[in-house]
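Two complexes, one shared chain (chain A), two partners (chain B, chain C).
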Partner chain A sequence: MPGTEAWTVLLPELVIVGAAILLLLVDAAVPESRGPHLAVITLVALVVAAVLAFDQWGADAQLALGGMVVSDSFGVFARWVILGAGALATLTAPGYLKPRNLDRAEFYALLLLATTGMTLLAVASDLVMVFIAIELLSLALYVMAGFERGRLEAQEASMKYFLLGAFSSAFLLYGIAFVFGGTGTTNLIRIRAIASVGGLDDFRLAGVAVALLTVGLGFKAAMVPFHMWTPDAYQGAPTPVTAFMAAATKAAAFAALIRVLVLSLPALRWDWQPVLAGITVLTIVFASIVAVAQTDVKRMLAYSSISHAGFVGIAVVAASRSGVAAALMYLLVYTAMTVGAFGSVMLFREGQSERVHIAKYSGLGIKRPAAAALFALFLFSMAGIPPTGGFWAKWYVFFAAIRADQAWLPIVAVAGSVIAAFFYIRVAVVMFMQDPPSDDDMPLDPSPGLRMAIGISALVVVGTGIAPGFFLSLAEKATAFGP
Partner chain B sequence: MTDYYVSYAAVALLAVVILLFGVGTFAAWRLLRPQRPNWEKLSIYECGIDAVGESWKQPNVRYYIFAFLFVVFDVEALFLFPWAVTYEQLGLFAVVEMILFVVILFFGLAYAWGRRVLEWA
Partner chain C sequence: MNGIPWLSLLLFIPLAGAILAALAPRRDELLKRIGLIVSLATFGVSLVVFAKFEVSNAGFQLVERLTWVPDWGIDYYLGVDGISLLLVVLTALLFPICFLASTGVNKRVKEYVIALLITELAILGVFMALDMVLFYVFWEAVLIPMYLLIGIWGYERRIYATIKFFIYTLAGGLLMLVGIVVLHVAVRGQGEVTFSYIDFLELAPQLALGTQAWIFAALAVAFAIKVPVFPFHTWLPDAHTEAPTAGSVILAGVLLKMGTYGFIRFSLPLFPEIALKAAPYMMAAAVVGILYGAAVSAVQSDLKRLVAYSSVSHLGFVLLGLFAFTLQGAQGSMLQMVNHGLSTGALFLLVGMLYERRHTRAIEDFGGIGSVAPVYSGVFLIVALSSLGLPGLNGFVGEFFILSGAFQANRLAAILGAGGVVGAALYLLWAYQRTFHGPITSDSNRVFKDLTTRERVLLAPLIILIVLIGVWPQPFLERMEPAVSKTLSALVGGGP
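This part shows the complex of A and B:
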């Protein structure tokens, strides 16, 4: 195998793991060492990793470490989205953790380890690597979801995510075993080579294999009907973790889904395309309808994140270069608006806790116009209203689906987003068109990191809205993936 | 292609044999043995010593640390043995890799130590 010694492909991951170990050692050597330096170390590691990953941008794709990982532009783009989500979540974390006495080094170490799992998933070119990466990110996230362990909801979030996550890992592993049974290899590039010459034509369990893989990865991407854990986990987890889980995990899961289905199993597209199309339609329609009934803003955003998984799924169903580019573009915009929206929930305080009930948002736009306007910007972007990045992200996804002769998908998706627009805009209506209660002065969280994260997210949402061509051309450069 | 599935028939056959063996053995015991129960016979067998308390007892939560550390060092040994057999062929790269691996595990131990996990208090 060429490039076996090229371990430098994983330099970004090594930096992040190194920083995680450093954080744990600092914590062990200086007990009770708390403060902003933990977040600073985390941020520096994530930024350094992003810069190191840039080295692989535009270069020829090559396999490394015995074919376990691949360095290509697709991996770099997906890593940037994941690292960006990690960095934004890190910015929001200190302001949330400190008042709750949770700002321990373990939190940042776990965040870095979860990020490592996700970026490894983005560059994995072997099903074994896919599995290890998913386990790494999951184990870290299970703990992070229950980090506020005094709270009952946090325990519920962690427990549910853990039990269902372990279950879905078994599905994924079973699928990997079937693929191995049919092809005799777990390497994605070799699987493609074998499948493209009809090597799987006689393998009657190929459909089962693809179904099991789709279940395993669909769980991590939180697509209906594998979404059951999502609302409870997102609601119970500390909000910075929720933002991180929602944004980064989805990007990583879809990167893996694209690599496994579009890159290595195009020969079986008649097996997986209709199934995935059904899942995406179910995801968009179901999540949009259920979200309407939510009164808890965090839960509403959880269902909204589920429905976004459906939109990215449409781009995967298209199974073309423009589909992959649209998926990457969508994930980029989605990351910014998700972190922005959850960040806004953290920003609006109610006493010492967050403002989660939608009725408590009435008049927020009158008392805190700037913050409420930013929250409305993220909501409008999620709804896909034109001057924002969310509109273009959906546009490119629909365009890719139509070009792939799947025009019925955008039709259903548009119907779904009309339903979804209702609950996004309802929050804006409550904020700006209802009178504020006189006994509530609606304080904002003073944390500077949180404001910075919301500001950066808003810039990305507006930037992708004004210059979508620039970001799309980056995403298109990242579609030549796999050697 | 049917050969492929036939080759798995042995697995199914084995499962049936195992099931029959288990059920059959217990059934044969029941038919053949004399039944004269007394208190001694009905008590729980635990290495010949009288069992203390009920089996539904909550173990001390601190044991999970030992379970963790055990797994860590067990896995280390798992990797060290095959490495020790072949490292001469693999050369310097393998030595450096293994040193890194052990050092990272050592960091884990140092972290556990620093968090006073190793003290029973």
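This part shows the complex of A and C:
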């Protein structure tokens, strides 16, 4: 086994788990403990974890838990995206939970545990660890999706996510079993070593194994046709959870997909590339078309996030260094856009709840020009219009695909983008070009954390748009993998 | 490169103006004045650029270059040559006129001024960018303010029109993006990491013909939608008709030229062999556009829609001249781009004034206006005659050059295209007759106000240029000639 063992690889995860336990202890010691200190503990833990992860940036790869996890720059970048999504979601949470009487320590503890699962997924170098990490993040998310258990939609979201999630875990496990059968190991580093000397040439069931793994991970990444749970779960879950699920889970799932397919099974690429390319095309086209028909903004954003999974998928299909960097760059920008967009939905209040029906957005740009302009910024970025970060993200994906001689994928993606643009600009049309109803003064949510989260997201979207070079070179450096 | 970055100033003055307008108090008159002064300052700088331009130099001048994304060879890279110079000046000229013509706008003036200034910045950027990524960024950046201009300050069917405009143009733009990336990757395969237009000029024609054909097609669709070339024209009548007056002037005056500029700047010199092969088809599309646009114009009952369709016809001429690959044809096309900006811009302004007075644009509502508003009718006649190509006015020079250039290349296309000139005379004069001659049929027409001083001031520069280019086109032609013949020399070898 190459690489040295060092438990410090898992230092960021240990900090997060520690904070989760601390939160639960606080809750036990001080019953009915509520207030902003819960969110502050969570935020501090996430930031400390991100800082600790920085230690592994550009350093020599190290292993932990007997080769179960590996530290490398790729893992650090993916963790940053996940921790960033978690921190932004945490910022938005208190303002949402408090009026609903949901601001309990469990929420933040679950969020931290889900984050732990995701970061573990990003550094997993063993299929068993991939499975454990997915289970950890899923179990926490099932509960979080149904956290507003008084609402019927929340129950539906949780139930659907759980049933289909359990189903997909079985697929994943079955795929892992096949790989074990073919190679005699579940360790990704060993699998790559075996494959590189032709050890998989006689592996007749390689196609089946890869297909099962793709189904399992494609479910978490919400790619068509494994997306069925997504719109309902995103719509029914508390919006901070939706933003967190949409941004962080996707980053974690794609990190795992890249580690398993691109990094460990390049020898089987003729099996997985066409399958993944097909899924990708289906994802972009289907999600874009269905999104056009949505009238609920949260649901529309859910379909939009599915179509973004297709774009990251293109970068994975490219199966190259620039493909991996493009996927990371896309996930970074996508996280900011997604949290920003869902955050904007939280910002626009209608009475005590959030404004979800698109017709209710009419004239928002006239009554609340600054907030509406920020929402429009996130939507235009999702549509890929320069000079926003979304443009460079798409750009890099196209570049990677064309370089890998897959020019047809960007062309399909372009068709999808044009359809998608229709619903992004429809929201802008409603906000800016229709007159507001006179009896509605369109209040904004007063929560300072939410505003901060939207502001940070906007900074990232604009920053990646104006100075893409810095972020691109970071993503390129992050393609340095472990052993 | 001397001390003052003149081209960057052209971009930064509107940007600074937009920021200033954003910070200014919501006082409509003040905001409009900011817009006017800022756009006049931009026009002043464009005149400096015009004066500093060396006439006999075929290369790019006043070049500025800063690194933007070093890993990919993407630069902030600006320059003008004979092909872009006049379009830059035309753009800078039309915006102050638009601000003067915006007295009718009284809702959300702050956003209006900002949108117009950002549009100006982006269009100027398109004409000056020498890096293809920068070009694309400006190209798409035009989209959002234009979409807002049509959608917020337009007429009844504005939302339909603006969504159609947006989707069409975005589809073309994204295809172009794929084309540019393919070009970059192909060139990278030969060991060059660059997006510079100057580098592509040398490298692109050496690529495999199959690759060239694909990239040419992707770019051509984007440009054809913008021009618009038949059959990609269906967004135009809606967008032009529903846009507010300033929006229509910008659309017709300079936005459409982004498409024709794209053809002459990129499609022809980067892929000369493919362009030669595509020429018969492009000329056919141009001729169909000329005749179709003229025929559809003739039957319009809405004066603004008539002017909108006439653009399809006029831009057909530009395309015809470009793909003739003769110096005369190309120069005629270049000049006709400017001419169309002046005369169609003026027509939209005049129709806008008509609408402000009567709140209708239906030709049947008018008649006999000539006797109550003689100055207005006279100006309208001059502009209409310029648009239909009367000798002595600017339209004639451009169309004559185009048709004689096209005749050398493809007689049939030139002869059919000449039919468009006849058609233009038919629809414009017929519309003029129905609007301005005959008895006054409605009482509200009896009190039709003639041009005010403000309106005379804003139309005057256009009329002066219409006449000036008509009788003395030399200063314009001599500036574009070196660059145009250099571009053509790549196509026909050695130059004409």
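Here is the rule we go by: the second predicted complex is superposed on the first by the 478 of 483 C-alpha atoms of A that agree within 3 Å, B and C clash if a C-alpha of one lies under 4 Å from a C-alpha of the other, contacts with A are read in each partner's own complex, and residues count from 1 in each chain.
Here is the rule we go by: a contact is a pair of C-beta atoms (placed from the backbone, for glycine too) under 8 Å apart; a residue touches a chain by one contact, two chains touch by 3 or more.
Predicted model, so just to flag it, every value in this text is computed and none were measured.
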Chain B and chain C placed together on chain A: clash or fit? fit
*Given the touch rule stated above, what does A:385 touch, chain B (first), chain C (second), both, or neither?*
second
To the nearest 10 degrees, chain B and chain C lie apart, as seen from the C-alpha centre of chain A, by 160
**Asked** Does the superposition put A:469 against chain B (first), chain C (second), both, or neither?
**Response** second
Q. After superposition on the shared chain, which partner residues are touched by A:407: those of chain B (first), chain C (second), both, or neither?
A. second
- Considering only touches as defined above, state whether A:398 meets chain B (first), chain C (second), both or neither. second
- If you stack the two complexes on chain A, which partner ends up touching A:27: first (chain B), second (chain C), both, or neither? first
Can A:163 be said to touch chain B (first), chain C (second), both, or neither?
-> neither
Max touched-residue count on chain A (chain B vs chain C) belongs to chain C
Minimum Cα separation between chain B and chain C after superposition, in Å, equals 42
Note: overlapping chain A surface for chain B and chain C spans none
Within the complex, chain C is touched by chain A residues 366, 369, 380, 383-387, 391, 394-395, 398-399, 402-403, 407, 410-411, 414, 417-418, 421-422, 425-426, 429, 432-433, 468-469, 472-473, 476
Per the touch rule, the chain B residues reaching chain A in their complex are 1, 93, 104, 107-108, 110-115
Note: in the complex, chain A contacts chain B through residues 5, 21, 24-25, 27-29, 31, 202, 204
Touching chain A in the complex, chain C uses residues 68-72, 74, 108, 111, 136-137, 140-141, 143-144, 147-148, 151-152, 158-159, 162-163, 166-167, 170-171, 174-175, 177-178, 181-182, 184-185, 188, 214
